[in-house]
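These are the structures in question, set out in turn.
In the two complexes that follow, chain A is the common piece, with chain B as its partner first and chain C second.
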Partner chain A sequence: MLRYILRRLLLMIPTLFGISIIAFIIIQLPPGDYLTTVIAQLSAAGDLVEEDVIAGLKARYGLDRPMHVQYLKWMGNIMLRGDFGTSFEWDVPVGDLIWSRLGLTVALSLATLLFTWAVAFPVGIYAAVRQYSWGDYFFTGIGFVGLAIPNFLLALVLMYVAFKYFNQSVGGLFSPDFVEAPWTWARVQDMLGHLWVPMVILGTAGTAGLIRIMRANLLDELRKPYVKTARAKGLSELRLLLKYPVRVALNPFVSTIGLTLPILISGSAIVSVVLSLPTSGPLLLRALIAQDMYLAGSFILLLGVITVLGTLLSDLLLAWLDPRIRFDD
Partner chain B sequence: MIARVPAPDHQEAINVATQWQLMWWRFRKHRLAMTSLVIVILIYLVALLAEFLAPFTPDEFRADYTYAPPQRLHLFLETENGLRFQPWVYGYKVEIEEEALRRVFVPDEEVIHEIGFFVSGVPVRLFGFLETDRHLVGPKEPEAPMFLFGADKLGRDLLTRMIYGTRISMSIGLVGVALSLILGILLGGISGFLGGQVDNIIQRVIEFIRSVPTIPLWMGLAAALPTDWPPLRIYFGITVILSFIGWTELARVVRGRFLALRTEDFVIAAHLDGVGQMRIILHHMVPSFLSHIIAALTLAIPNMILAETSLSFLGLGLRPPIVSWGVLLQEAQNIRTVATAPWLFATGGAVFIAILALNFVGDGLRDAADPYAR
Partner chain C sequence: MPAERPSPSADDLLLEVRDLHVHFPLDEGTVRAVAGVDFDVYRNRTLCVVGESGCGKSVSAQSILQLVDRPGRIVQGQIRFHQHDADGGVTVTDLASLRSSSRAMRSIRGRHIGMVFQEPNTSLSPIHTVGNQISEVIQLHLGADEDTARRQGIEMLERVGIARPAQNYDAYTFELSGGMRQRVMIAMALVCSPALLIADEPTTALDVTTQAQIMSLLQELQADFGMGVMLITHDLGVVAEMADDVVVMYLGQVAEYGDVDRIFHAPTHPYTKALLRSIPNLDFDQDIRLDSIRGMVPDPFHRPAGCPFGPRCDEVIEGRCEAENPPAFSLAEGGSVRCLHYEEVTLS
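== the complex of A and B ==
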């Protein structure tokens, strides 16, 4: 197991490196560099641009140096000092802006993942045991609908329905009283009350996919001879089902985290914009439109890192659950 | 779907049928996929004939009909000689809502606008060269208001704009998939055919791209497209960005097929006969997995369409004056607009139908292409 963990950790390094390169490219893509933007902004505000301020910024980001030096400086500042650069739109260090939003993104993604499991597990079993029943067709139908509606459209429609028929606003993650409040138990409760809307919207497609996988796997298991043997021995139907077939069919729940997590984090970006949630999506969008590139790049970097870490955890979990994986290398 | 064994008298036909015929026969049995195929063909026809099918042109606006709600279409008109087939709609009249003090459009039951087929309207150019002023449907008097799906904030006909949007949205799927196909076949083929260290590297790259959350990445890349680019270049820029990530799935399919076929007897035989590598790939291997690739392609189109719609919806993808489904949905972005003009959701319906139909066709093709499918 230790060898597997080590191998897996080593494999992670090139991936993280790749993500940092992509984030750096995105920071560099807009015409002009960070400094020109700052100078333009300062002179637009009527401030005198002082030579030594410019020189200081140049030195900090290595802007007059070649590309790879700039990259190393940028990475070095992040790794050694946790300095992600300055958001010129907000005029504060990027680090101050992103952490709470990233935290909420992770919370939302995890909640959605749990929701997906909680729904897909019983429904998948049901759809397999009662194959081709009305319920099976019903859930298959919902699944296809869930796959075909873009997340943001579902969010819009839900908002419209809530507004029109229940006269209620479903946007945001907190009630107005709690938006600025410090973390207390009441605030958590308030958040949970709001969390279910984006959770359901984000979870639809994933749930549909997981139900299909669970159903297919369980159907394969149920046809195997050992099930027949167990039934012949007089094992009760429920015990028979839960004891082995379900356990084997459960693997995809863990093994698909690696695939689902990027989709969830990616999907939450756009749903959050529609529902104006205080997660990373809306701020990333704003940063991109305003070309606040250090902020945008940091978001893309950290969202990528979170995804990679999540995938790592799911792989380790899977290796722990399924010995075939950790010994097969 | 269970591919049934055909009746014995057809056995003769099956023995000599080509691979494509077999596939088509299997596909035909899949009723959902067949229906979806018809729908997909219809949608692409709409895209092709947009100028003729749309009653107006996408930029034609009627400032006095902003946010006019959809009209109810009546099919039969009562005349002196009894009921007659003649589609018509009521005109609009404006009323002031007492409570909110805002203008609302209500049907004016005094005025009836007849709708005709092949009516003459604004001159358009079909396929880029065929000049015509005929439109499939339209009001008989050119000035009469006809908003079957309602009007947008500038008083433009939503139906017309949706029809024109079909062209951009559906074609971006095709162009994007074509680009991903080139990358996918090239890299997937190299990876699967050469194997070894090259395969390892390409696989790591694919894993890497798939592990990055796509929408933030797309957003970052799309935001970098200069705003002063002409529409056509933006269109291609977006397609390139979408296929930059889309190729991985195709490469995976191609590689899997290559790996499976590499050790097949007929490939080894060709190899031993001294056939060149290129010829082995093109003449022996590609034909046997082409059908799989087509199925994978069909399944990739809806993802492209969804991605374009999402990006344009955020304002990072295509921008007006281009009319795509995503651009149209962008107008429905905030809850206040949607509350006053819920018909703007209609475009979402078009997206939904197109995606669903393409998914079913892709599923059907995949089942039909796999001779070992249950």
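== the complex of A and C ==
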């Protein structure tokens, strides 16, 4: 087991290195850079932009250096000083911009994940054990509707409902009083009050999908002979169900955690724009449009790191759950 | 052949199956997998149930513990289980009348009747240790704490011939060979010393050497524990070696029932005779082709009218076998047979 963990940790190093290169290439890919955008805006406003001003700006942002030098400088600052560079557009260190947003994004994603599991797990088990019952058909129907409705539409409907019938301030993760407030217990409570709307919206599609997966896996497992063995021992139905087939059917659940995280984070961008949530999605979108290189790059890099950590987490959980994986080295 | 045993006495009766019918209502029609089966199992004796695939032998065995897969259902008949207590008292329970998931049924499964299945590879959970799966039964039925369960589990593993039982107690089933896994299954089924062991083709998935080992293990354990054994098999060699009594099944009915010597030396039912002709024998003349039973087992949705074996039988009585499904006639030498040729025997 220890060897397995060590090997997985070692493997993360080249993966993270690859991600940092790809993140850098992605932000360099669009033609032009932040300066081109600024110059275009200035000339459109009628200002003459002088050559030496441009050169000065280029030198200041390090844009006149070759790509690999820029990359090394960027990575070096991150690795050695935790300095993610400066946002061109906001003219503040990237770190100041992203940490709070990233934190809220992770909080929202985890809440959504928990919501998804809490619903999909029992419903999936029920649908498999009572296959073709009315309950099974009912949840299947709901599940397909949940999969089919686009999240942003659901967001608009829920916002309307929350505003009209519950008289709740909609949009954002905080009430107006708390947006700029420092972290206090009251602010956490306020956030939890707002969290459920995006949590439900982001969770529906995933929940519907997981119900289907759980149902299909469990149906396969329920027919396996070891279930009959357990029954022949005299175990009660509920106990044998939870101990044997459900445990085995859990594997695909756990192995998708790593994939669920990035899907939740990137999938939340549009919903976040609609609900004006202070998460990473909208800021990343703006940074990409404005070619705010270091801001966008840092986001992509950190989302990559979160994905890798999520995969590691799910692999470790899987090894803990399933001895066949643990012993496979 | 097992050592000569006295004839079964009524005191040793463990299980009486009477007129058992198990049906599978499917979209294509109802499959009558078991259509009126009777047999008895006695303490310290082995009953072998033999027949081709699909003759209902496994379904009969599984219906005793109400383990038949849906939509299979016991629609008629009785399964009377005799529980003998220490001071000679007997309690009779009709297992067929219990609900499959009822507490009464569950208190019999694994405690008073143990079961071993065909495929040791898939019949054990791949993600739980051997010990976990064995101690579970002990803790459930005997109320033992974890340490006691562990000690008893390891003892049982040693008893069924698992090398290094304490180490293998903590092993996962995928670390064991097929034969070892079947030994674990047997240990699991016998750890609460049940009165009856049902073994549903326990060696089909194993190689011949392992098969012989498992069979002699079962014989040893029976000598030790004195339990009744019901052994499902399609292998007449196994029957010859293991059985005291034999049930020959065909299309969900008992074609012939009797003690093993009578069945092998004086078979009565044409199906039993045909089965015995189809096994090779060392004295056999090499040039003679081995007999096979002509025709095919009929489609389960279209049972032949009259005697189920009629269409494949060499001794058909024209005009009668197509019309009448014979009842079981008792034979003078003991046992019974479902064939019109023996009608007079009963009358006399």
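The criterion applied here is as follows: the second predicted complex is superposed on the first by the 274 of 329 C-alpha atoms of A that agree within 3 Å, B and C clash if a C-alpha of one lies under 4 Å from a C-alpha of the other, contacts with A are read in each partner's own complex, and residues count from 1 in each chain.
Criterion: a contact is a pair of C-beta atoms (placed from the backbone, for glycine too) under 8 Å apart; a residue touches a chain by one contact, two chains touch by 3 or more.
Just so it is clear, the structure is predicted and the values come from calculations on it, not from any experiment.
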Which of chain B and chain C A:103 touches, first, second, both or neither: neither
Partner chain in contact with A:321 - chain B first, chain C second, else both or neither: second
Contacts of A:224 with chain B and chain C, given as first, second, both or neither: second
First, second, both or neither for A:193, with chain B first and chain C second: neither
First, second, both or neither for A:122, with chain B first and chain C second: neither
Which of chain B and chain C A:244 touches, first, second, both or neither: second
First, second, both or neither for A:234, with chain B first and chain C second: second
Common interface positions of chain A, toward chain B and toward chain C: none
Parts of chain A lying in touch with chain C, wherever the complex brings them together: 224-226, 228-237, 243-244, 247-248, 321-324, 327
Residue ranges of chain A in contact with chain B within the complex: 14-15, 18-19, 22-23, 26, 29-31, 144-145, 147-153, 156-157, 159-160, 163-164, 169, 171, 258-259, 262-263, 265-267, 269-270, 273-274, 280, 284-285, 288-289, 291, 296-297, 299-300, 303-304, 307-308, 311
In the complex with chain A, residue positions of chain B that touch it: 204, 207-208, 210-217, 219-221, 223-224, 226, 302, 306, 309-310, 313-316, 329, 332-333, 335, 338-339, 342, 345, 348, 351-352, 355-356, 359-360
In the complex, chain C residues that touch chain A: 65, 67, 69, 101, 106-111, 114-115, 117-119, 122-129, 136-137, 140-141, 172, 174-175, 185, 188-189
